[in-house]
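Below, chain A partners chain B and then partners chain C, in two separate complexes.
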Partner chain A sequence: MALNFFDQFMSPTYMGIPLMALALTLPWLLYPTPTTRWLNNRLLTLQSWFINRFTQQLLMPLNVGGHKWALMLTSLMMFLFTINLLGLLPYTFTPTTQLSLNMGLAVPLWLATVIIGMRNQPTAALGHLLPEGTPALLIPVLIIIETISLFIRPLALGVRLTANLTAGHLLIQLIATAVYVLLPMMTTVALLTATVLFLLTLLEVAVAMIQAYVFVLLLSLYLQENV
Partner chain B sequence: MCRTSQSHVMTRLRFNEISRYFFAILVSLWRRVQIGRTGTRTTAIHCTGCTNSDMLSRLVFVSASALKSSGPLGAGLVQASRCLHTSPQTLAPVPPLPEEGGKTRHGIIPEEIFQFLYPKTGVTGPYMLGTGLLLYMLSKEIYVINHETFAAACIGIVIIYGTKKFGPSVAAFADKLNEDKVAKAQEVKDLATRSLTEAIQEEEKEQWRVEGRGALFDAKRNNVQMLLETNHRERLHMVTNEVKKRLDYQISLQNLHRRMQQEHLVDWVEKSVIKSITPQQEKESIAKCITDLKLLAKTTQAKATA
Partner chain C sequence: MVHTGRYGIHDGQKCANCLVCKMADRPVPMAEKRLMDVKLGELMTWASTKDFSPNGIIAAVRRGHDRYYNKYINVKKGGIGGVAMLLTGYVVLSYLWEYDHIKHDRWRKYH
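What follows is the complex of A and B.
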């Protein structure tokens, strides 16, 4: 079956049954449930260690009100991390390449932070619209600019994740196609391109992890401003 | 993943319990209908204490167990699958974790497949199976080599290289995390043991010290006795000295008396003698003295000239 470049970004269906729910929930099976044992096997020890360290690191700059978001942010991180990394395997579908999913994650979470800020401390939340030490003439302009930047945030969050992953996957496909096509024709060039592909794969692994982290980090920053 | 507790629940549900659950569900539904009619909040609170999802989940269990206990398959289904259980179906005592993970060949394929195929196909059996399967899929174009193959190769290399390079260190790190946990608890235990042993030793030392206390008291007693003895002897010396002094005084007094008596007597005798010397006797003695002297002078003169 010939693959279109954009087939990988189509929402998977099987005989008309959408498989998106499976694509989103099956990665959960990769993580073992914590047991009641004191000493666990290596996988569970590493998983617990990683989750604990990550949560500690993420919540360090937040005050106590922000600690309510610990579960949300850590589980979001694990979700995006896993889905991004699993998407690098061949013939897999990456749900985070869908703008709808990413906007669906970004907009409610961002809006939650804004509403929390406006509700609990409206002066401080509005005060963020004017950075300290601006000259008096620039105040109106700056407020407009900061408001625009505030509303761009969910768009940026969602599109950043989508664009990074989509671009990465597309690049992998393109360069892999180049290798495939060049292999019988110009083998040396194909090998060079294969090196490029290898390096790109490494980059994509890094990008997958970093983008997940950046998403969650930015959300925690927005929360920090507002809580 | 311990899902066994649920199967226990399912096997133990009996008919009266099933009917009780159905009745409870019906009652809750009836109550909600009533709340909808009257709109009071108080009964709503009582009902939402036992939440809707609770009832619904029980409904699921009930229907599953109802299926299991009724019908042609019935209870035999649960018993039949018992031979497939590999773990003990109890939660206590906690079964120990295996030391090593499952054995695999080439990192992915479980050793059990090789053991399974060994009796019929020997050592090369699984490899033949793998190669044959791969070639079959390639030749029949069930799997088409396309650009994804190269992408798969790349990510495969990355994964294999990563596992080989960082696997042992990550495993060692995980083991170290567990060991640190054990070491911390062990440290507490060791500290307690050490402090108790030290306390025992201190106690024994104190007991030994108590034994030595008798010797200490003896020494002290001896000391005191010696002091008393010395004091006593000093006083004796003093006494003797004083007595001697007194006696010496008496002796010297007596000696003085006697001497005085003697001298007095001598004086008296001399006086009386001097008194008794007549003038004539004096003249005679002086003449004798002069003649003696002359004689002496002559002799010496004679000696000198000779």
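What follows is the complex of A and C.
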């Protein structure tokens, strides 16, 4: 019966289609395409403003070579942002709680930054493995450590996103169960727990947005090093 | 329906000369009938005339999307309702999708 708390991370199939498919296609439906009109509807205006500000902010530290990644990074951000926020609605499924999806996003993108770095500027890319000013004795150790840290990056990107979202969802479910069970027995305690639940939900909304941002930000940093 | 034709404004099918009067009770082919005009007995026949190929389904989804978008979102002072209805529909759909799994939770003693 303890399995039940983890059931929210399952994607049940209905008529052969898993719920994950619905959850993955919904973000596409929520963002209309910009038109060539001078004045668009409110949703489009809001969306365009947000996307422009975000792209400007993200691309500030990158040089011109990195600007080729603008579309990729911004669309990734919008995708993760929407998926995370939609997952907070009742009964919905959050695809980013699945490690497979996050690794599927993290590994190819990270690998792309590494390969771009190795192809275009191999000396500089390899040079990142040794920070400036290290004492001569430490050089071998540091190279090994930096290589390990390089290869851990995609794992960290994927697992960070998965763990944050999974933990948040689990906490919400646990505390909500506690409130529900306590309500007939100890109403005051239940009310206090309900306050905790409310605050937790606000935190989860913030986490949803922040995690998406962090994912994309780190990717842009890796890109910055390599481009 | 009051309309104007060659013989001035008139109602119903008074003349046989203006376009509306001429088209008034021409039988509509089954494929072009709207759903609300189809009689219950004809429902199956009507459904069989619809295009269920992948292209047809995509076209239908696009039509539905355009109708919803232009009615609720692409308006001068659209509010939160347009997106909120969509999200509520999504929540309801998710619930239906998961119902077979969730129904066991109702009488479960330990969660």
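Observations, loosely collected:
Convention: the second predicted complex is superposed on the first by the 220 of 227 C-alpha atoms of A that agree within 3 Å, B and C clash if a C-alpha of one lies under 4 Å from a C-alpha of the other, contacts with A are read in each partner's own complex, and residues count from 1 in each chain.
By definition in this document, contacts are C-beta pairs under 8 Å (C-beta built on N, C-alpha and C of every residue); 3 or more make two chains touch, one makes a residue touch a chain.
What you are looking at is a predicted structure, and each value in this text was computed from that prediction instead of being measured.
In the superposition on chain A, A:10 contacts chain C only, with no contact to chain B. In the overlay built on the shared chain, the residue A:30 is in contact with chain C alone; chain B does not reach it.
In the superposed model, A:88 makes contact with chain B only, not with chain C.
The wider contact with chain A, measured as residues touched, comes from B rather than the other of chain B and chain C.
With both structures placed on the common chain, the touch criterion links A:157 to neither chain B nor chain C.
Once the two complexes are overlaid on the shared chain, A:176 sits against chain B while remaining clear of chain C.
In the superposition on chain A, A:19 makes contact with chain C only, while chain B stays out of contact range.
When the two complexes are overlaid on their common chain A, residue A:114 makes contact with neither chain B nor chain C.
Looking at the shared chain after the overlay, A:41 reaches both chain B and chain C. The residues of chain A shared by its contacts with chain B and with chain C are 1-2, 32, 41-43, 89-91, 177. Chain A contributes residues 1-2, 4-5, 7, 10, 12, 14, 19, 22-23, 26, 29-30, 32, 41-43, 86, 89-93, 177 to its touches with chain C in the complex. Here chain C touches chain A in the complex through residues 65, 69, 73-78, 82-83, 86-87, 90-91, 93-98, 100-102, 105, 108-111, going by the rule given at the top. Chain B meets chain A in the complex at residues 1, 94, 97, 101, 144-152, 154-155, 157-158, 170-171, 173-175, 177-178, 181-182. Taken in their complex, chain A has these residues touching chain B: 1-3, 32-33, 36-43, 45-46, 49, 88-91, 172-173, 176-177, 179-180, 194, 197-198, 200-202, 205.
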